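Report on the structure given below.
Letters are used for the chains, namely A, B, C, D, E and F, taken in the order the chains are written, and counting of residues starts over at 1 for each.
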Amino acid sequence: MRPDDRPTDELRPITITHHFTNKTPGSILIRAGETMVLCTASISDKLPPWMNPEELRGWVTAEYSMMPGSTSPRKSRDRNGKIDGRSTEIQRLVGRSLRAVVDLELLGQRLITLDCDVLQADGGTRTLSITGSMIALLDALETLPEFAGKKPGDEGFPVKDYAAAVSVGLVEGEPRLDLCYIEDSAAEVDMNVVMTAGGRFIEIQGTGEEATFDENQLAELLKLARKGIGELVELEK
Amino acid sequence: MRPDDRPTDELRPITITHHFTNKTPGSILIRAGETMVLCTASISDKLPPWMNPEELRGWVTAEYSMMPGSTSPRKSRDRNGKIDGRSTEIQRLVGRSLRAVVDLELLGQRLITLDCDVLQADGGTRTLSITGSMIALLDALETLPEFAGKKPGDEGFPVKDYAAAVSVGLVEGEPRLDLCYIEDSAAEVDMNVVMTAGGRFIEIQGTGEEATFDENQLAELLKLARKGIGELVELEK
Amino acid sequence: MRPDDRPTDELRPITITHHFTNKTPGSILIRAGETMVLCTASISDKLPPWMNPEELRGWVTAEYSMMPGSTSPRKSRDRNGKIDGRSTEIQRLVGRSLRAVVDLELLGQRLITLDCDVLQADGGTRTLSITGSMIALLDALETLPEFAGKKPGDEGFPVKDYAAAVSVGLVEGEPRLDLCYIEDSAAEVDMNVVMTAGGRFIEIQGTGEEATFDENQLAELLKLARKGIGELVELEK
Amino acid sequence: MRPDDRPTDELRPITITHHFTNKTPGSILIRAGETMVLCTASISDKLPPWMNPEELRGWVTAEYSMMPGSTSPRKSRDRNGKIDGRSTEIQRLVGRSLRAVVDLELLGQRLITLDCDVLQADGGTRTLSITGSMIALLDALETLPEFAGKKPGDEGFPVKDYAAAVSVGLVEGEPRLDLCYIEDSAAEVDMNVVMTAGGRFIEIQGTGEEATFDENQLAELLKLARKGIGELVELEK
Amino acid sequence: MRPDDRPTDELRPITITHHFTNKTPGSILIRAGETMVLCTASISDKLPPWMNPEELRGWVTAEYSMMPGSTSPRKSRDRNGKIDGRSTEIQRLVGRSLRAVVDLELLGQRLITLDCDVLQADGGTRTLSITGSMIALLDALETLPEFAGKKPGDEGFPVKDYAAAVSVGLVEGEPRLDLCYIEDSAAEVDMNVVMTAGGRFIEIQGTGEEATFDENQLAELLKLARKGIGELVELEK
Amino acid sequence: MRPDDRPTDELRPITITHHFTNKTPGSILIRAGETMVLCTASISDKLPPWMNPEELRGWVTAEYSMMPGSTSPRKSRDRNGKIDGRSTEIQRLVGRSLRAVVDLELLGQRLITLDCDVLQADGGTRTLSITGSMIALLDALETLPEFAGKKPGDEGFPVKDYAAAVSVGLVEGEPRLDLCYIEDSAAEVDMNVVMTAGGRFIEIQGTGEEATFDENQLAELLKLARKGIGELVELEK
């Protein structure tokens, strides 16, 4: 039995609050079970310094942070100038995942920054950050007159397809969908999968935690992930 | 007229959500008009390294940060190892204000950390952080068996009195209570006042912003502050 | 009795050395009792990067630091990239206090930096830094041909009025002027006041140190501060 | 055709120099084509501070860095206190991969640090770092009397199995093994695979670079990786 | 002719103020011409963390910094966590030079920190820091009962001999003693020499500034240095 | 007897590998006994920000670092934003030494960066870095068409003369050439000398390590250094 009595192929309950705050064009408070992330999308005309200003395209980037009160015991702030390695990894993953479904030329010369701040952590913060950021990005684009009323796949719209992410894992040898913290800590294999609505992979990160896995287990995990992502994409729509 | 049509001596509407998150014993989402702060209170047995472990007392400290999406344009994170001076000032003020009403011996050998994270900023974030932290601190103490069911002033309870804070200011020569951002930016004089329920001052910080003020103006501002704090303390109770 | 036998309303003896060093146009070594601060004023044509170069105005800023040998035990240098919170607070106060009496348009496109380095600390370093910086600023302006021979209040002179600062406090319930270190450590209430020669407030910062204070005590403290500042302004002139 | 005329399923030529330097018990200079990494393994009795000293186990960690002259143009050193995100990701991957085949209890209370310094970069530095570190780790263990003469899988030997890593990718729609830099830059999909000699997965990281991929492509890439890793493990042995 | 009309073998006028500040047992304000350095010597029982607490010896260390107002234009403070390379070099030289004449066992388990803060810079700040620190160190030892009344060379006194330092250089081909800033900037060869009262070398650092020098020039420079240091040691005594 | 049985005036065996890596125009792996340094020379058109772009000259700079595996026990990386003082000193010395023989105008508007990374440390790393950098610099210039085929001293060639460096020292009172680590640790006097092929001094740094030395000893040490540098310059040629 899972800690919260879910079947092995069931997502935790998801709730999504649009425009939770109002200073940024996108602001999504997303919950999956006890995990809670605030994803805000800011739009700026100021492109990153490494971009060639003559290229007629934009950029999408992300930052991730866990708030001090999101865990017990309290997590110290990253204030000594070093972001911890895990946060760095996650924010790179979020940005890369969104860029896989964005046409940067169609976006125009704009920087969109997704800030994913974890208010409460109970497993799956990185995948929930991707899913929440996808929605925040769409809300933000909706505020731009040239994109208002359009949706992914529409001609001229910079988002080519929906993307969503979910974690899967082997816990006590059993493949499970959407691990909560207790399961995540005990998992032999932990895998994060990002896919499009069209069922194509954007990213697969599978890790044996002091363990290894074989091809059949990989196939089962990917099947669970596909199911979960299908449901998430429906929610996004 | 004020931007939001309030009378000069009226607070913005306040809403308080207890236990907004559940990983810390105190977690208050407090709003005053458009300003919104999450105040979490964490309890730890690990005292700060500068404290003498043989002293039988505790400590109360605070950290303050504005989230990237709390303002427009987006505010960069403090990730280069330097907290901006304003945040340093504010978090020192929050900690000092709470300690003025806490009996650190009665608290016992515990560290309570108040994390004040501004989700949305529209003026008065530092005073709202103090008021929200006061409530989060009380909620956190309620979870400790030895203090459960007690309230400020009760014998043996480490909080001696309620404390609350409010901003006042001179805008176009007019004394006003609880400035919103537009007023704050235009104020000739900006003053933050922290008081106890019993009407005693904990802190007064009055600043002429490229201007100065006289004793009569000071008296009028303090009178407004006293009125506002009285109302806030009623809310806390 | 006070540690140095002064009456409660008496300043410590002040000595001011002009042009203590000669590489900056203003250089004041100021002593109040055992406290000793070197305030140098540098003038530069290079404005801070956040200023709009098209605005035809200047800026006045300050930096504050305690030298390692200024206290016993020795104070470590701020060399790890983090200025301690107290120094940040003080240097912001010094800059803000001076800007309250400076007309930045009349100053022209110049940056004036006041460096306040405490050579010996015995209480009141922040207020003495303000008073010393005021004098260093005037000495520095005197070296500019367009301002030579003018004084605060003169037409076209960028300093509108003299400013000075002093600390007051409640020690064993008694209001006292210009606290030395022993008094400062023992004070129930500590207040720093910055005023103009004309008797108007620039800044009031009153703090109950694990204590609170009422309106009568506030009035008594402000009366003492007014007396002390009157005497300091005479010295400046 | 590939830039170096290799068949799509062929590894670049590998050369391995044991004991390239002599101050550490393991020191491997490993080359794959033009990529060249120095992997040193140091043994220390001083465990990381976060480990509970009462646990009777060891730890294996890794650090990764590209030397300034390893690329053209020159790569700046990480000297401002921030390791770039990519290096952080890679060194975490190297450490995790090795720990998947190490029995930390059998290792005993020792810290083994693998330092992977890229002398020359031409694609595949992270996977070559894993393979080189595996060999350096074995050389280092050989110097410990209790493990001398043993090999992975032997009873009481802390390394349970050989591990090796390789990159695969889709370039112009074609699955290829062991990408060089030109191919890596042009790849639609980039995948790093770490496996044991026994053919089990330790880690899969597949990323669509502004592109996506389907299940058939995933299967083809994994097949290529399996072939390459089989050959690498033979070299290690 | 030299900028200040001195003969080539003449020191600038030296003035030494003992106990310029009173929070540290040694505090020397030393001037050579326009160069002015405050050298304070602090004594602590807390030895550096790298020292073995079972060794029955002490340590002498130094820190060097140029104050912001010591030069024109103003020198920025080292507040970003990186001390500039020149300051690092100088403070290492000062500490090493003093340790060459100190018997660390006789000093006992004490840390003496010499803080050299340049108030005004006109060439020769590093050598003046050494000479000033020597005197501050002797003043500090005088305050310890076990060493009071003793002088360098006395039995049981931890300072074995006086040390002093001076700069020499080739300017327009001419060997000169004790360069001021204008000469230092123009010098083809710049040499700093530290010697004992007994005429033995502690340190020689000679540098061709985009130039080179031969053995005869070296001999002439060392002769000048010997003369200058002889005079400095007389002053110290 | 010396630890490796050399006569007191003999260099350790030197081996030089040109083009050890191929991403930079100069890349020298240089060994002296057990000490091993990789010196790469990179050429860039981007001059340092402090240079006036209107000056028609270039710059030569150096960076020095010891790799973690170069010593036993392992040396931690400089990743906290502070380069250790010794590395700073050394890299400044390497850059300064090369610039003494380079005509920066003839070099043209180019930045040449010498990266000296110590792979294995056994004494004399700083002097070997200078000698290796000299050769890497010449190899790098050889790749520029305008300088190909020329050598130091040729008209129009930016390197005016060969430079090389060696350490000498007093060990048990005996002057010795080219100290290895054991000797270096035990030396009473440690001296690093940089000279041109023409026999002129570029830099002398002689330090008494808790000891002092007289003029005769200085003369003997310089004589040994001259012999060693003569042999090194022959190798360079």
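Everything below uses one rule, namely that a contact is a pair of C-beta atoms (placed from the backbone, for glycine too) under 8 Å apart; a residue touches a chain by one contact, two chains touch by 3 or more.
Only a predicted model underlies this, so the values are computations on that prediction, with no experimental measurement involved.
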Minimum number of chain-to-chain touching steps separating chain D from chain E: 2
Chain whose average C-alpha position is farthest from chain E's own: A
Between chain C and chain B, is it the same set of residue numbers doing the touching on each side, over half shared, or a different set? same
Chain D-chain F separation of Cα centroids, rounded to whole Å: 33
Distance between chain E and chain F based on Cα centroids, please, to the nearest Å. 28
Residues of chain A that contact two or more other chains, please. 80-83
In the complex, chain A residues that touch chain B: 20-24, 27, 34, 36, 38, 40, 42, 44, 63, 65, 67-74, 77-83, 113, 115, 117, 119-121
Within the complex, which stretch of chain F touches chain E? 81-83, 85-86, 88-89, 91-92, 96, 99-101, 104, 196, 198-215, 218, 222
